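As written, the chain order gives the labels A, B, C and D, with residue 1 at the start of each chain.
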Amino acid sequence: MRLEGEPGAWRFTRDGLTRDVSVAKLPDGRLSLLFADGRQVCGRARATGMGQVEVVVAGEVRTVALADPLHDRLSHSAAPGAGSGDEEVRALMPGRVVEVRVAEGDRVASGQVVLVLEAMKMQNEIRASAGGVVARCAVAAGQAVDGGALMLVVRDSNG
Amino acid sequence: MRLEGEPGAWRFTRDGLTRDVSVAKLPDGRLSLLFADGRQVCGRARATGMGQVEVVVAGEVRTVALADPLHDRLSHSAAPGAGSGDEEVRALMPGRVVEVRVAEGDRVASGQVVLVLEAMKMQNEIRASAGGVVARCAVAAGQAVDGGALMLVVRDSNG
Amino acid sequence: MKLLVANRGEIAVRILRACRELGVGTVAVFSDADRSAPHVAMADEAVRLGPAPARESYLSVERLLAAARATGARLVHPGYGFLAENAAFARACVEAGLIFVGPDPAAIEAMGSKTESRRRMHEAGVPVVPGMMKPAAAAREIAEFGAKHGYPLLLKASAGGGGKGMRRVESAAEASAAFERASAEAAASFGDGAVYAEKLVERPRHVEVQVVGHPSGEIVAVGERECSIQRRHQKVVEECPSPVVGPALRERICAAAVRAAESVAYTSCGTVELLLAPDGSFYFLEMNTRLQVEHPVTEEVWGVDLCREMIRIALGEPLTIGRPAMRGHAIECRIYAENPSRGFAPSPGAIAALRLPAGPGVRNDVGVEAGGIVPIDYDPMLGKLIVHAGERSAAIARLSRALSEYEITGVDSTLPLFRALVADGEFLRGEFDVQWLDRRLAEGTLLAPPRVREEDVVLAAVALAGGAAVPAGQNPPSSNGSPWRQAGRLEALR
Amino acid sequence: MKLLVANRGEIAVRILRACRELGVGTVAVFSDADRSAPHVAMADEAVRLGPAPARESYLSVERLLAAARATGARLVHPGYGFLAENAAFARACVEAGLIFVGPDPAAIEAMGSKTESRRRMHEAGVPVVPGMMKPAAAAREIAEFGAKHGYPLLLKASAGGGGKGMRRVESAAEASAAFERASAEAAASFGDGAVYAEKLVERPRHVEVQVVGHPSGEIVAVGERECSIQRRHQKVVEECPSPVVGPALRERICAAAVRAAESVAYTSCGTVELLLAPDGSFYFLEMNTRLQVEHPVTEEVWGVDLCREMIRIALGEPLTIGRPAMRGHAIECRIYAENPSRGFAPSPGAIAALRLPAGPGVRNDVGVEAGGIVPIDYDPMLGKLIVHAGERSAAIARLSRALSEYEITGVDSTLPLFRALVADGEFLRGEFDVQWLDRRLAEGTLLAPPRVREEDVVLAAVALAGGAAVPAGQNPPSSNGSPWRQAGRLEALR
C-alpha cells in the first residue's frame, strides 16, 4: 500500500491498483473523498492506537487495521547518519512527543520502546529497530515535532 | 451598573437592584443564566466593538450597548506604582495583546493609543489616561495576559 | 439505476433523500463554490461542473450532460430554478438518451409562453384575467367591456410598461374621461395612444393547485397552497390549506387545475398558479412545470411524497398517490441569508452557529450546515422550516415554538421576519393578499426594532466578564492563577 | 399558568415544547449532573433539585414540591419513569394544591396492582391470560382446565419463580404425567408441590392501545402500537399500526381498551398493553397510567398531539381529539447510549459528534446535544428517531435513509442495531414476536461485524496523512514549513 500526494489530492496504490482521490474537509469535520471515477465517500477517521483507525462513514463505525507498518513507520530509520552504524529515528508525521524512555548513553535492545509519539490522537510506541547506544536524544517529552524531524540517534555499539 | 463575582456565580447591580445569577456554559457555547428567583435566560454574547455587544437569545439577535465604560475599563490605571506620578496600565480582563504601539522611552500624549488588547474576540484600543514617558513595557504582541496583569507603566514626565 | 441532480442547496438534498429511499443511486454536481456543500456530501457520486458562476456550472447544459455521461446516470432531475423550466435542457436530456424527471419538453414550452398558455387555458375553459384582445377604438368599447366583466378596470397602454399609462376605472361613468386621459398619456409617453382594458383584480391572493400527472393520462389535483405572503413577487411564507378556501371552492379550483394540466398532457408534478379575488372568482396566472419550493406543505397536509412520486413516474411506475385526503395545516418559511431590516440585503458568508428546531410537527429541509459558506453566486436560500399541526392556529403556535429554537449566526437571516409574522394579528387571522407584506414592510408596522431586556444586559456583562465555570464533567482549564478570575470584579460597566 | 416538568431528557424536552405551543410557562428541574442539559436550557425557569443520584433529585417528592412552591407552578407533569406511576406522588401534588398532569391517583393505584387490575379487567370483560385461581388438587383439574381453555398450557409452581418447576403441556394426554413431574420438581425445589396451570400464549406479540380519557367520562381509543421488538422485556422499536392488526381486530382491541380505561374512570392519556396471540386472541397485560415513550408513532399516524391533549385535559379544557383517522405508517427507534455488540453495555460519557437526520417524515425527539455528557446516573436513552411514510415499506426505507444520516460519536449507541433491523428479512416482513429480538441476538444472526471496505482504508490512510486542504473560503492554517506536508509521501502503509 502506498499513498502519495499532499493534502487535498492523493494517489492511493494497493495490490497494483492506483486510485486518485481528491479530498475536501466538510464544515462538520468529515472528509469527502472523491475518486477519479466520481465515487464519493464521506466520513471521519480517528486513530485509536495500536495501528487501528476508527472510521465513521454514513454514521457507521468500522475499524481499519493500518497495522504495524504504519505504526512502525511513524518513525523511520533513515539512511546512515553521521557515523556508520548510526540509526536516525525520525518522525514520519507531525506529532507530539509524549514520553522519552531513554537518555543519551543508554543501551537499547532491538525492538525496545525508546519513545512515545502522539500523532492524529494516537499514541505510538516507537521502537529501536536495532540495538545500540543512544548517541543523541534530540527531543523531550511534550515537544511538538514536524514530519521528518530527527528524534533520536542510536549508534550500533558494534559499529 | 456593577458586576461582582467570578465565573459561574455573579452579582449584578443596577439602579439599586441586586440580582444574583448562576451561570453555566452549555455544550453549544451558549450561556445559561439562572437568576435566584428561578428565571433563566440562555444565549450567546459577542462583543462587536465600540462597546456594543450582540446577544442572541432564543435565536433573536439584539444589540446591547455596554458603551465606553467597559471599553475603557479593559485596562485600568491602577494606584500609584513604584514612583510617584507613575501610571500602571493593567489588563482588567484576560486577553491577548494584539499590538504594542509604543516602546520604552517613548513620549505618549494623554488619550493616545498605546496598545491593542483582544478580549472576548473584541479588539480594544487601550489609551494612556495621562501623558508621559513609557517607563516600562511588560508585554509584547501576541502575548496572553491574565486579568490584572501589568502591561505598561507611563511615568508622568512632570512628576 | 442512477439519478443525477442538476441542482444544489436544499432542493438537491431533498431529491437525494428521495432517491435514497427509493433505492436509486445518486450523482451530485457541484461548482467550485460547493465542493464542501451538503448536497455533495450526501451523494454516492459527485462531479465537478466548473467555476462558481452559474453560467459555467449549474446552467451549463453541456457540462451537466457530460457529468451524466461520465457517471452513467440514467435520470436527470432539475430541481427548481436553474434549468428546471428550460425546455431546451429537457429536450437535450431526452436526445442524449436520458430520462428527464419532469414533464414533456413540449409542455414546458407551451406553459413557458404567456400567450400560448393563455390561449390553451381559454380553450380548456380555465378562467384567465379578462382583457381586451386589441386596443379600444373608442371610449364606448371600454364601457362595453366594463359592462360585460364588471368594474374596476385597468386601462393599459398597448406600447407601455412599468405602470405608465395605467389608469383605474371605477364605473361606467368614468369610462369616457379615463379613456381620453389614458390615451393622451400613452401618446405622450410612448408615441402611441393605443390603450386596452383589463379587469382589475383587487387585493388578490395567490393560491395555487398541486397537480400530479401520469403518462397513462391520469391527473390528480392535490389541493391548494396559499402563497400570498410575498415580498416583491417572491414567495416568503406558504400554507396548506389556504385559510380562505373551503371545500366547494377547492373543488372548483382543483377541477380547473386538472383541465389546465390536461391541456398540455402533463405527466409529472406541476403547479397551476391562480389569482384569487375576494369574491371567490379566480384566474389562471401560470403553470410551473416543476417541483415547487413550497411542495412540502402539500406533502404534510395531504400525506403524499411528491418528490418520490415524480421520480417514480419518470421511472415508468404507476401512481401511488391514490385519492389523498387532507389533514391538519402546514406552514413553510423560506429562510434566506438576507437581512429583512435592511431591505432584504443578501448576507453571504460563513455560518457560525446553526441550531435547528426539532420535535413534533417540525420538518427541516436545509441545504447548509454550521461552518459552511453561503456563496454570493446563487440564490441565498438556506433552507425551509415546515411545521404541521392539527389546525392553523396550532400550526402557528408550533411555528412560533420552532422559531424560538432556531438559531443562525454568522450571516443575517429572514428569521426575524417570521418571528414578527407569528405575532401579527392580520397574519393570525389570515387577512392578507399579495401586496400585504410589501405594504406592512413599507409602513414599518411589522418589523419592530428588537427591544433590549434587562436580562440581555446581564448576559452581555456576564459573558464579557468570563461567563461560566467549566461545564460539569469537563476538566478545568489548564490556565489558572488569574487573580481577576479568583475575585473578579467588573465595576461601572455602565 | 405555569407547569413544572418533573423529569429530564427527551421527555422533558417534549413536554416543554408542548407547553410553549400552548402558551403555558415552564419550570425545569435538574440534578447536579444536568445543569447544562437541553431540558434545562429550554425552560423559562429552572430549579436545582440536588445531587446526581435520582433518589436525591428526580425521585425526591419533597424537593419537587418545594420547586413547584418556589416558582409558583400550578401544574406538575411527571413524564414517564421516575415518579410517573407513583400514586403517592400524584396524591402529594393534589394535596399541595397542584394539578397533577395524569389520571386520578386512585386509577394509578388500581392499575399498579397486578391482582387488583386483573380483577377489574375480569369485571369489565377484558380478557386476561386464563389461569387457575388455586393450585390443582389432581391431574384431572389440569385436564379440565386444558379442555376449557385449550392447549398448550404452562404448569407453574405456586411457590416458584425464575422458571423452575415450569412445564409445558401440549395435550390432555400429557396432563397427568406432566402434573406428577411438575409437582415432584416443585416439591424438590421449593418444599411445596403445589402447581397450577396457565394458558400458554405462544409467540405472542406485544400490542398496546392508546387511550385518552376526559373527566366528562368520554374515552377515545387512538389505535394500537406494535411493540414486540424487545430486548429482555425492554421495548426497542415501536410501530403504528401493527403489521398484523387489521380493521376488525383493531376495533375489538380498541373496544377492550376503552372498557379497561372505563373500569378505573381514566381521565388522561394512558396505554392498555395487550398480549396478542398468533390466532388473534388477546389478553390484558397491564395499563400504563402515563404518557408512553412510544407515543410519537401514534401522533404521526393518527394526526393527534397526545402531549398537548394531556395538558389541556389537566387544565380542564375539552377534548380536541375528535374522531381521528389513521394515515400511513410510523416507526420509532429508541436510541440508547449502549453498545449492542457488547450485550448492550451502557456507554456514558461525552458526545463528540451528533448529526441528526432531517427532511420529510423524520422527527427527532432528542434530549442531548453534541458536547453534552451522558450521565451514568440515569436511563441511558439519548432520544428517539421517528419516521413516518405512506406505508410500512416506505417507512422502513425512510428509516434506513435517516439512519444513514444519523451519526453519534464519543459514546456507543444502539444505531447499529437499527441499521441491521432495516436490512433484515423477518423485520421487513413483520414476522416477529416478543422473544424474536433476544432470539436473533443470541443466535448472532442479526448484528454482523461491520465489513471494512476498500474506501475505508483509503479514508483512514488519507486522514492520517493530512486529509484535505483547507476548505474553500477559509484561511490557510498558520502552521507551515512541515517538509512532510510540502511533498507528503507516506509509503508502504501496508
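The rule is simple: a residue touches a chain if its C-beta (ideal position, glycine included) is under 8 Å from a C-beta of that chain, and two chains touch if they have at least 3 such contacts.
Remember, it's a predicted structure, so these values are computed and weren't measured experimentally.
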Rounded Å distance, chain C centre to chain D centre (Cα mean): 39
Interchain centroid distance [CA atoms averaged], chain B/chain D, Å: 51
Whole-Å separation of chain centres (CA-atom averages), chain A against chain B: 44
Touching two or more other chains - residue numbers and ranges from chain D: 35-36, 404-405, 471
Set of chain B residues in contact with two or more other chains: 24-28, 32, 39
Category of the chain touch graph - line, ring, star, complete, other: other
Contact pairs between chains, per stated definition: A-C, A-D, B-C, B-D, C-D
Touching residues on chain D, where the partner in the complex is chain A: 353, 355, 403-409, 415-416, 419, 450-471, 481-494
Parts of chain B lying in touch with chain D, wherever the complex brings them together: 24-28, 30, 32, 34, 37-40, 42
Complex contacts: residues of chain A adjacent to chain D: 1-8, 10, 12, 14, 19, 21, 23-29, 31-33, 39, 41, 43-47, 53, 55-64, 66-67, 69-70, 73, 92-94, 119-120, 146-148
Chain B partner contacts - residues on chain D that touch it in the complex: 27-28, 35-36, 40-41, 43-47, 70-71, 351, 369-372
Contact set on chain D toward chain C in their complex: 13-14, 17, 20-23, 32-33, 35-36, 42, 296, 299, 303-305, 307-308, 320, 325, 327-328, 350, 356, 358-366, 373, 375, 389-390, 394, 397-398, 400-401, 404-405, 471-474
